[in-house]
Each structure stands twice: as structure tokens, then as C-alpha cells.
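The same chain A turns up in both complexes below, where it pairs with chain B and then with chain C.
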Partner chain A sequence: MQAQITTSRVSVLVTGKRCGELKKVFLVVNGEDVEDRWIRLESAGTCRWTADLGEEGSISTKQSYFSLRFDDFARTDCHRAAGNAEKLVAELEFACCADTPLRNLRVKTELPIPVTYVRDVRPSPTTRVGAIRCTEYGVLGAGSGAIAHTQFASEDVFLQLGNAVPQPKLPGLLLDDIVVDDGKLVLTRDGLVYRLAVQRAQGKSRTPPTLSSNAISVDSKKLSALKLERAEIEVLK
Partner chain B sequence: MIRTATILVAFLTAATALAQRPLFDPDDFLDPRETGGRPAFVSRVIIGGASNMSGDGFRPLGKQTGYVHLSNSFYWRSLQFDYKRSETRAVDGEAAQWQRQERTPVRNATPESKDTLNAAWYWPVPTGGGIPVMLRSRVTFTRQSTENELLTAGAPMQWSVRERTVALDTDTWFRIGRHDVFGSLAVSETKATGAPNGLPGNRKERALTYTNRFPSFSYDRARIMIRPTLTVGGISNRGGSAVNLVNPAIEIFRPFIRTGANLHVIYSPQWAVDANDRWQTTHQVAVYVDRALFVKVFGATPAR
Partner chain C sequence: MTTLPRLPKRFRYHVAFSYSSADAGYVERVSAALPEEIKHFDYRTDESKAETWGRDLEKQLVHVYKNAALFCVVFFSKDYVANKWTQLERKVASRVAKRKPGYVLPVLLDDTEVPEIANLVWIDGNVPPEELAELIDGAIRRPPPRPWWFYLSLEVKVVAAAVLLALILFARPAVNLFRHSETSITDVTATEQAITARIKNRGPKNATLVGQRLKFGALPIEDVELHLAESATIAPGQHDVKMTAVHLEPKCRDGRLLNRAEIEALFDQYTITLEVDVRESDDAPGQKTLRTKTVPAANLKMFVRKWVPARAPLFAPC
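Up next is the complex of A and B:
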């Protein structure tokens, strides 16, 4: 029996050939992607996992959305839960696992400035039910931090330079395009302004393709005010 | 100065561009999310030259044209207001020349400064849970006068024509599969008045155009971007079918971040039907440099 409920109990079914291999499964709730906010799930049998979010973690199946992080090899798309009113549990089903490269990224800025990120996650084409497009977001420590479990095939990851609080509706520097697997990408302030301009011109900034001179000037002004000298983006694995 | 009387086939071709921005008017799209909706002001100067330019919605000035353009843009929340002033002159300092037919008098038309006011608003389009797409709609009002002179055997006749254009353009967006398709839809009306009876210059014309804005290419070693666009449209009082304008363009853009200057090289051939139901071609080429004179984002306190 499905209904819209508010509960702190979550039951997760993971499908797919590799579901039996999973050792650690983490739940991301409502897009809060900071690693210490991930909720580690407890095994409840083969391919089944549960969690009790506690009173403070109570969620509404109508509004909340979820995604999973699997060990060190995959992430999932986002889903809404089906409410089981009888058991008072939010039930979720995810497919494991997209066979695309997974990267953990490290971002460092000089001088240290606040950096946030937003992930625009698309539903997986292999998902049978319940997948939705969603945004997830996180805050990096001042000047340095990591973005874990990125799979560019299914998400756009935007870096927001100079923002202390993530803005889920604001794009930024699209990382999918620019990270290099072998080594570290170093972008000077001018390089960042140029890269932002290129992404706008390519229509990757959630705006029509534009060669806006004013946008370039404002970017340049903003990064100068932040005294940002350079940003490093490194693939950790 | 006075060469063989130029038959400006672009009399009509020029007007085809009424619904478009002048070639030398650089993009000024500024996503309000970037400034957090804070007020921002950018003043910019543009200097350049063009060949066969008809993109200012005015009579061409001849083969070679120079121009100076000053643009002032004020952004606040989801709104944008602009005041722009343009000076366009033929390289040899002469006015445009017209001769409708052989053995008719030559007409010189010297444009004065063009003033443009824009009001625009940005509006987000939901993407079903993802980051919204930000589009812009804009109303444009332009005004320009022309001093005309008819070279006849006797004393030359002189008169002024006032031209006003009102245009509305809006960005469009839809998806085909995983691909975004962006464009701009524009409607405009231009009215030129003031010419005495029997003398040329008065006209009224409406245009409806769609410009597809393809994603740009970049060549990072040289730090250049290449942007293709394609405009098609229909203009009233013309021959041909509903579509009597085809205007592709390719723009090579090189920002010089350190100096704040940007170089633009544009090639924009324009095919349009004239009043005699014939397709005419104009090969427009423009080169210009723009540079911000003043940039201010008010209330921007960088978070540290």
C-alpha cells in the first residue's frame, strides 16, 4: 500500500548484477552532498538496506529525494520514495550500477576562497521507475575540498567560486569539460574567466550561447575582488 | 567622392536587418544569477569597421564603413536597461548614395547618430528538477534621422527623414533528445517619415525573424571562440514567399582578459528578396574591438 507519508525509516532495494557485491552504501537526502551528511545504510539482507534517520531526519515522501553512493565505484541517479503507510517506511529502489568512470575530485584555490558546488543529476536511462532529475550541492572547505563520486556521464558538476553557501539554481564552472584524468588542471584567474566564457559560448551555462562581453567583464571583476590567483582541480582516482 | 552612382540594392536588404542587432553591438547577456540580482552597471565602447554593412537597419554607407558605438547597461534583479549610441560613417566621409534607376537623380543620405533604448527581463525556465535555463526577452526602441539630398541638374533638394524602430525579441529554448536548441524570435516595425511628397525615404515595414544560436566552438591554444548563427525571416512589402530573408553569420571572438578588450571578426552574408522579387546578396564583414570603460557590481562583497 503506497501513500504519501512522513517518516524517519527508509528501506532501500538495490537491483542489478552487482548489488550483492556492495559493502558500503550511503544515502544522500535532499541533495545535501557533504560527505559527513551522507547516511550509512545497514544491510538488511541481499541487496536490501535500511536506515533510521531519527527524529531530526524525518522525511516526507512527497517532497524528499534520494540518491546512493556505493563503496568507491558508483553513484546513482535521484529517486523519490514510495510511502508504505502500513509499515510507516519510505521505500526506495535503485539500479546498480552505471558502468561509467567514477572520479573523486579535489579542488584547491589560491588565495583560499569559499567554494561550493552543484551537481545537476539526470535520471539514468536504465532506471525502471521513480527516477527524477535533481540537484545536489555541497560546500568545500575554505581554499580546498573534495567532490566525491562524480560520474560525468550522468551529471553536470558546477563549481561556484566565491560562494559560501551553495546555490542550487546557479550554474558555475562546469567541471565535466575540463578535468584531466592524468594530472592536475591549473587555471589562472584569466584562465578561469576564459573557460567560463567558453562554456557560456557553448551554451553549457544554462543560458543561450552567448559571447557576452559584459559577462566576461563581471567575471573578471568578481575574481579580482576575491583575489583569486589560481584554482587547481585534480582527479584523485 | 562621387563615384558612379551606386545602386544600393541593399535598399531592401538593409531593412531586412531591422529585427536584428547591429553587427557591431556585442552581446550583453548577463545571467542575474551571476550577480545574485545585485545592481550592476557596465559601460562599453566599441570601435571598428565594416564592409558592405547593412546590419544597422539603416541604409548602407558604401563599401567601407567605420563606426563608434557606446553601450551602457544597467542590471538589477531580473531586469536590464540599456542606452546605446552609434555613429556610423563611410570611410571616405561621404554619405550613402542611391540611384533607383539609370538616369534618375542620385540621392545622398547621411545618417545621424542612432539612439537605442532597451528594456529586458530575464526569466528562468524550469528543467524538471535540474538547474533552470535562463532566457531573456527584450523591447528595443531606436531612433535615427537621415539628412537627404537629391542631386539634380538644378539646385539640390534637401530634407530629413526620421526613422523609428520598435522591436521585441525573446530567447527560445527546447530540447531534442539530450541537445539544447537555443534561438531568438524577433518582431519589429520600422517607420520612416518626414520626406516631402514625391521624395523618397518614407516607408513602413514589419519583420519577423528567427535566429538559431548554435553552440560555439573554441580553439583554446589561440583562445578564440567561433560562433555560428542562422537567421531566417519574413519582411513585409517584399516579394517572394513567406521567408524572404536568409542570413547566416559566423563570428570569431578573441577575449584579451588582461586588457579587458575583446576582438570580434564577423562574416555575415545576407540573402534577401527585393521589391522586384529577386534574391539579392550582401556579403557583410565587420571587425571591431570592444572594451569596458566602467564595470561595477554594487553591493558585491566577496565572501572570504
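Up next is the complex of A and C:
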């Protein structure tokens, strides 16, 4: 019997040929993409996993959304759970695994400033039911941190420099376009202003395409105020 | 001569005499002239003396002149109105006469003025004692006025009695056929698992709960339909009805969804209303009545705490 429920118990079914190979599966709840907030799932048989979020972790099946991180080789799109009102379990089904490159990124700034990121995750075209477009977010440590399991084919990852709290409705620097697989991308303050201006002109900054000089001035002032000299973005793997 | 009516059980005497000892001679002759079957109270007789010996005289007199006789013959005279004890008797008898007109039969032995008998028919003390005895006898034997139904024929009385009995037996169920139940919610409490509504049905029919919901008013939680844990039928009387939900949905406030801790902090400021749709009778299935009970949100804290999610999405569309 499906219904909206409040529960702390989650049951996950992973489909796909590779589901049997999975060793470590992590659940990301409500887009909180911070590793210490990931929930490690326990195996409950072949391709089945469970988790108990605890009394203080209870979720609403109507509002909450979930995604998975598989070992070090994949992530999933976001899903809402179906509520099983008899067992009081939130039931989820994901497909494993998208065959697109996965990158773990390391971001470093000089001088160290607060940095957050927002991931705009699109539903996978191969998912049968239940997938939704969602926003995930994370906060990097002061001046340095990692963004794990990025799959640019199915998500847009925005870096927000100088924000202590992620602001999903505000534009940021889209990483999908600029990350290089070999080596380290180093952007000076002017380079960052330039990249932001280009992305705005291309309409990739969650705004309509614009060449606003005013916006360029604002970016430049903001980064100067932060005393940001340069940012490094490196693909770890 | 008509037969002497049977003395009702609660009376001991047909008549009680109230007189002064100065007039005892006349009264003794009246007593002697009364038929033996008429029981009368005369404090000077041996029987009365034996009965009152050693008892509280005042209480005894009050009892006799208030409760013990059908009639009280009061022999008014100069000595009677001057004596302390006869005044007590007179006062008690007058009080009884107010609620039982005809109780006092006054006899005026001299020309003493007695205001309380000014409007009553009294007998003059010149009447020979034997004649007064006959008058007292007549008053006792005189049948009491009969009500109108006494003159109905036996057949009519039987039919009337049968109809009355039928009314007594069937009137209430018949009236109940057209009366619905009348329910109200007297209290609402909660545990983690259920809301308990104390519902009172003043009868006579069973009521049926056909819908129940919690309304949170200004608390940022969506109103929710509740499920009954047990039966929906409310028999006449008072019953605790358990209602459950498996989900409470926070509402957006200030552009975002509140989590459990934030909602809990608001509990002391707001109330929650339990609404119940009641069908007061199965005879009128289309009709339902809304009953409500509003309680402080803190009363239902345990339940709300259990079913409001602890984690709320930061970026839920609001």
C-alpha cells in the first residue's frame, strides 16, 4: 500500500547488470552532498540495500529526494521514495549505472575563502520511473575541498565563490565546461571574471544570455573584496 | 352508618385531641361518646401516657400533631390559648392545616377570640359532647372527594390502563426511532502512535464517524486526514477513539520548509483542532455533522513530533 509517510527506514533496490558488483553504496538525502552526511547502506541481499536514518533522521516521502553513490565509479540521478504505509518504509529503486565518465574534483583557492557548490542533477534518460530533477549542494572547507562523483553528462556543477551557504537560485561558475582531465586548471581573479562573463553570455549561468558590463564589474569587485588571487580545479581521478 | 375507612398505614390515629387540662371534663365526655373503632389520641389516656413516658415531650407532641392523625380536633378556650404546651400543639396543627385544609376541626368552648379560625367553620362548645362525638365520627367516615376517573366504568379503566402501560413500554423506543444520537468531543490527547478523542454519545442511537482530520491553523503543518484505529461506530455513552496518521507534512514558511525542531519551537504559541464528521444516525446516511475540539498544540506534541520529518529538504520548492 503506497502512501505518503514519515519514516526513518529506507529500502533500496538497485537494478542493472552491475548491481551485483556493488560493495559500498551511499545514500544522499535531500541533496546534502557532504560526505559525513552520506548514509552508508547495509546489504539486504542481492542488489537490495537498507538504512535506518534514526529518529532524528526521519524523512517525508512526499518532500524528500535521494540519490546514490556507488563505490568510486558512479552516481545516480535523484528519486523520490514510495511510502510503504504497512511496513513504514520508504522504498527506492535506482538503475546502475550510467556509462559516462566520473570525476572527483579538488578545488583550492588562494587566499582561502568560503566556497560552496550546487549540483543541478538531471534525470537519467534510462530511468524508468520515479526520477526527478534535483539540486544537490555541498560546502567545501575553507580554501580547499573535494566534489566527489561528478558526472557532467547528467548534471551541471556550479561553484559559488565566497558563499558560506549554498544559494541554488544564484548563478555560479559552471565547472562542466572548464574542467580539464589532464592537469590542473588554474584561474586567476581576472580569469574567473572572464569565465563568468562568457558563461553568462552563453546563458549557462542560470540566467538568460547577457553581456552585461555591470555584471562583470560586480564580479570583479566581489572577488577583489574576497581577496581571491586564484582558484585551482583539479581532477583527482 | 357508612363504614369506617381503613386507616392508612402511616397514621396511627383517626383523630388527635388538642385541649387544655382545664377543659378535660368536656373532652373526656366527647372521648367516651366516640365509637370504640375510632382510634383517637388524648394525652390523658393511659395508653398515651405509656407511649410518651420518659420521652422528649416537645418532640412527641410535634410528631403526633404533625404526622400521626387524620384530623385534629382543637378545643379552643381561654386556658387553651394561655398554656405553653397547647400553644405548641396549636402551632403544629395550624402548620399542617395550611397544606392539608380541613385537618383542624375547631371547637370553641368559650368566647375567646381566635384569629386563625375566623374564616373556618367551628363548633360551639355548647353542643353536647355526645353530639360533638357524632360530628367527629361523621367527619372521619365522610368519604374524601373522588377524582373524575373514579366514575368511569371498569371497562374504560381497563382500556385506559392498557393504553397507559403500552405508552410506558413503547413510547420511549418509539420516540427514539425519530431521535438521532448527539455526539460531542470532550477531550483530545495523544501518544506517539495515535490521537485519542474522547467522544460522548448522548444516544439513543449509534453514531458513525465518517471522517476525521487534524487542522493545524497557524502552525506550519498541512492539515491531515486521520485514520481510525478501530471501529467507526460510537454506541451511546463515552468512548475513547484512537486515530492515526503516518505522515505530517510541514508547510513552507519564509521560503523554506521547516524541520521538526523548528516546528516544535512553535508549539506553545498555537492550537490544533480535531474535526470529526459524524453521522448521527444510520437512518440519515447522507447527513453528517461536524464536531470539533481545539486544544493547545502542546497537548498533541508527542504525536506531531513522531510524524513530522526531522529532516526537511533545504531546497524544496516553496
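Criterion: the second predicted complex is superposed on the first by the 237 of 237 C-alpha atoms of A that agree within 3 Å, B and C clash if a C-alpha of one lies under 4 Å from a C-alpha of the other, contacts with A are read in each partner's own complex, and residues count from 1 in each chain.
Everything that follows uses one rule, which is that a contact is a pair of C-beta atoms (placed from the backbone, for glycine too) under 8 Å apart; a residue touches a chain by one contact, two chains touch by 3 or more.
The model shown is predicted, which means the values in this text are computed figures rather than measured ones.
Look at A:Leu102: by the touch rule set out above, it reaches neither chain B nor chain C.
With both complexes superposed, B is the one of chain B and chain C in contact with more chain A residues.
Touch criterion met: A:Ser217 reaches chain B, while chain C stays clear of it.
When the two complexes are overlaid on their common chain A, residue A:Val14 makes contact with neither chain B nor chain C. Once the two complexes are laid over each other on the shared chain, residue contacts for A:Tyr137 go to chain C alone; chain B is not touched.
Of the two partner chains, neither chain B nor chain C is touched by A:Ala81. Judged by the touch definition given at the top, the superposed model places A:Leu170 against chain B, while chain C stays out of reach. The intersection of chain A residues touching chain B with those touching chain C, taken from the two complexes, comprises 65, 135, 168. Per the touch definition, chain B reaches chain A in the complex via residues 26-31, 33-35, 40, 42, 44, 73, 124, 127-136, 171, 173, 180, 182-184, 213-216, 218, 220, 223, 225, 227, 251, 253, 255, 257-258, 260, 262, 264, 290, 292, 295-297, 300, 302-304. Of all residues in chain A, only 65, 78, 113-114, 118, 120-122, 132-135, 142, 156, 158, 162-164, 167-171, 190, 193-194, 197-198, 201-222, 225-226 touch chain B in the complex they form.
Against chain C, the residues of chain A that register as touching in their complex are 3-8, 29-32, 53, 55-65, 83, 85, 88, 135, 137, 166, 168. Residues 246-250, 257, 260, 306-316 of chain C are the ones that touch chain A when the two sit in their complex.
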